[in-house]
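The first chain written gets the first letter, and so on, giving A, B and C; residue counts start at 1 in each chain.
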Amino acid sequence: MTTTSMPTPSHLDQAGSEFCLELENVGISYGGNEAVRGVYMQIPRGKVTAFIGPSGCGKSTVLRALNRMNDLIEGCTIKGRVIFDGQDLYAPQVDPVEVRRRIGMVFQKPNPFPKSIYENIAFGARINGYRGDMDELVERSLRKAAIWDETKDKLKESGYALSGGQQQRLCIARAIAIEPEVILMDEPCSALDPISTLKIEEMMHELKKSYTIVIVTHNMQQAVRVSDMTGFFNVTPKADGDGKVGCLEEFAATETIFNAPTQQATQDYVSGRFG
Amino acid sequence: MSFSVAPAPSAEGSSGFSRASLRFSPGLSRNRWNALFTAVAALFALCAVLPLLLVLGYVLVKGGSLISFGLLTQLPPPPGLDGGGIGNAILGTIVVTLVASLVAIPVGVGGGIYLSEYSRSGWFAQFVRFGTNVLAGVPSIICGVFVYGLIVSTRLFFGQSYSAMAGGLALAVLMLPTVIKTTDEALKLVPQELRWGAIGIGASRFVTITRITLPAAFTPIATGVVLGIARAAGETAPLIFTALFSPFWPESLFSPIATMSVLIFNFAIMPYEAQNALAWAASFVLVVMILAANLFARWLGRFARA
Amino acid sequence: MAVVDPSDLFALRRRPAREKLVDQGFRQLSVLLASIVGLVLLGILLTVLGGAHQAMAAFGLRFITASDWDPIANHYGAFTAIYGTLVTSVLALFIAVPLGVGTAIFITENLIPLWIRQALGLMVELLAAIPSVVLGLWAIFVMEPFLRPLLEALHQSLGWLPFFSTNPQGPGMAPAILILVVMILPIITAISRDSLQQVPPELRQAAYGVGTTRWGAILRVILPAAVSGITGGVMLALGRAMGETMAVTMIIGNSNNFSLSLLAPGNTISSMLANQFGEADGFQVSALMYAALVLMLLTLVVNVLAQWIVRRLSLKYS
């Protein structure tokens, strides 16, 4: 190996299942309060999968279960299995920190570290033991996140000096700098203006060539624009009539969900919103 | 006393309420009451700040006029003699406060990290929080009694009884709750998103805390710690029978040591004017140090917000 | 060009055992450090109990009711000191509460320009920073001589009351009470101010909206809404006053002879400890430890009560 050229992530070419993440009967509760139940789902590799649904349907909860971010919430318990790389992420011997190194995450609110732009990128790479050329990695990540031109002259400035949309792209750059196999995005554009949103959507089309992306969005047009697969989550009253619980209503190709859904609830939701 | 609607000059209409003029009239009973209450509150506020002005005035004038290079560097004179200084007591206060800080800051910050980063609501965290509040309410003299019973009377350190180390530990017990609370509260102010950001790119808890959360909370923690140190430096009660006093330069951490606060206590009740004067001088040095630390902490806090 | 697998570039993608060890170790360390609080509390309790048990066995509850403190005959009753502790702190509280709450109102309501309010607030906070021993020094040399003619006049005119029945001779309970007022004023003011500032502005607007005057709003709406915080602050101040040592020790006269008169010298538990602990040995240490235990229990009850009151009242008003 002589050069660290743009690594075409070989995991995309890996033989094996065409599915990247598989959820088997996943149910999540917060301190005894059931939030989501009975989710079965096979998320394909190298595609963009969108989660849509009304608020409180548990789509963000499920997303956060995919890289064990829910571990940080006290009293959060999960049932069922989440299979990644042939392994249940919730098996006792699994190290959640390693999981998050391979499944990165971008959050709803831009959350750059109070460090320079350069350090924001380099921090994650360093804790992942990156051995290559750091300058090159920073540039490459910022380029992929379509923010290199805006930041190349001020890499030493604080990440907070950027606008909201730029901060979010910086956070995406930070996530891809550690070369994860999957990137989870939790309503990444909800705090941004339309132009920043457009930039991030364009970027996602580029990113899906190298990564599997799962995105939660409350914006159905966005789901149509960026995703290949869509999961529609819904809230249903519990069987015993005590409160409500989220569940996966329908999961199919985005086209199917928006044009020919099989479930009435999906039909109502997608058409109701487009009205 | 009454805040009722103004006395009705004439009941007009059928509404049952009087229609008085809109013009402000100072003679109205409600306006008289208002003025009276304002005056009383102002008087109370004056009474509250008067002691500070008087104490500061006396300490600065009476103590400040005595300050000289010799006073800051010499040993106190034997009883009955003039001259001398408080050099050993200044050094002793620094040594004892340093010992206290070196013990209380790591323990307190570590405890605060546990409360805020590892367990916010578990039973152990609840217990530690309750214990911290109880410890904060323990009278400072009890801290002295505790260290006396644990270290001084048992001669725990190399067979020594009274020692700088014992005094420092007594002050550390006093500082501990302040440091824990400060750290706990400062870390809680760090936005949760920042933690997620680090965890989300595969940082361990250790890396997240030491590289992201703790630096983000540094200024409020530092502010609280500086205030805690300033308070400890002026404490006397825990020192009188742990660090004791010494008319000589400090020999080691394990022998009795002079401190400014104990010097003030001992010398204030002596019937010698030279000693009384040294007590005023030590008060001056102590108050200036403590007020400087307070103002520094305030500046630090404001600096962080800007 | 070779295609590079990211796992080659990121050496720590698989976390080495060392890193996991550090992570785990740090957690364990923080648990250990947090548990030191409990250990210290336990240590304090055991030390004081262990030291006191001899005197407890010898005197039992008589220790609290008897007022003889005789190190030569080894007879100990701490009533004078317990009485002194309670009387000085409660009377100081009676004076300090109106002053402190009034000051807090004065510096939170916009009765005067902002900069004056900020200056007053800063001064009260700095007053809290002045060491108690310095206040004691000031009390001995400035306050008490200034006060003596006033106290003498009090004795002349109201001497028929048992509380003013002795001629003031310098140190005594009355100057100790006043210096305690100075010491607890900042706590009461600071906590009252915080509580007043936390009253939601909507409440105030509602009061003004129905036509109350400024003081009508303060006394009937704002103060009741802030009462939980203020009460908590007052209780904390009471705890602080009972445990306060240095300034009181320097000015109270340290007499173990019981007297109802506030103008006579008296004693508090903490000043007795400060005065005698260094020179005591044998049985006297045990008696002092017993007194320390009583002080600890008193302050513990007050502090726990303070937290309980705050929790109850804040439920009522939230």
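We take it that a residue touches a chain if its C-beta (ideal position, glycine included) is under 8 Å from a C-beta of that chain, and two chains touch if they have at least 3 such contacts.
Every value quoted in this text rests on a predicted model; they were computed, and no experiment measured them.
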**Request:** Pick the chain whose C-alpha centre of mass, unweighted, sits closest to the average of all protein C-alpha coordinates shown.
**Result:** B
**Message:** Quick check for the class: compute each chain's Cα centroid; which one is farthest from the centroid of chain B?
**Reply:** A
**Message:** Suppose each chain is reduced to the average of its Cα coordinates; what separation in Å results between chain B and chain C?
**Reply:** 13
**Fill in**
Taking each chain's centre as the mean of its CA atoms, chain A sits from chain B at a distance in Å of 48
**Message:** Averaging over Cα atoms per chain, report the distance between chain A and chain C in Å.
**Reply:** 53
**Item:** In chain C, residues with contacts to at least two other chains
**Value:** 15, 20, 23
**Complete:** Contacts with two or more other chains occur in chain B at residues 204
**Residue list for chain A, restricted to those that touch at least two other chains** = 97-98, 101-102, 127-128, 178
**Prompt:** What residues on chain A touch chain B, complex-wise?
**Reply:** 67, 69, 72, 74, 97-98, 100-102, 104-107, 109, 111-114, 123-124, 127-128, 171, 174-175, 177-178
**Asked** Can you list the residues on chain B that touch chain C in the complex?
**Response** 3, 5, 30-31, 33-34, 37-38, 40-45, 47-49, 51-56, 58-59, 106-108, 110-111, 113-115, 117-118, 124-125, 127-128, 131-135, 137-146, 148-150, 153, 173, 176-177, 180, 204-206, 209-210, 230-231, 233-237, 240-241, 244, 261, 264-265, 268-269, 276, 279-280, 283, 286-287, 290-291, 294
**Item:** Residues of chain B touching chain A in the complex
**Value:** 119-122, 191, 193-204, 207, 211-212, 215-216
**Fill in**
Within their complex, chain C touches chain B through residues 15, 19-20, 22-23, 26-27, 29-38, 40-41, 43-44, 47-48, 50-51, 98-100, 102-103, 105-107, 111-112, 120, 123-127, 129-138, 140-142, 182, 185, 189, 211-216, 218-220, 236, 239, 242-246, 249-250, 270, 273-274, 277-278, 285, 288-289, 292, 295-296, 299-300, 302-304, 307
**Item:** Partner chain A, residues of chain C touching it in the complex
**Value:** 1-6, 8-15, 20, 23
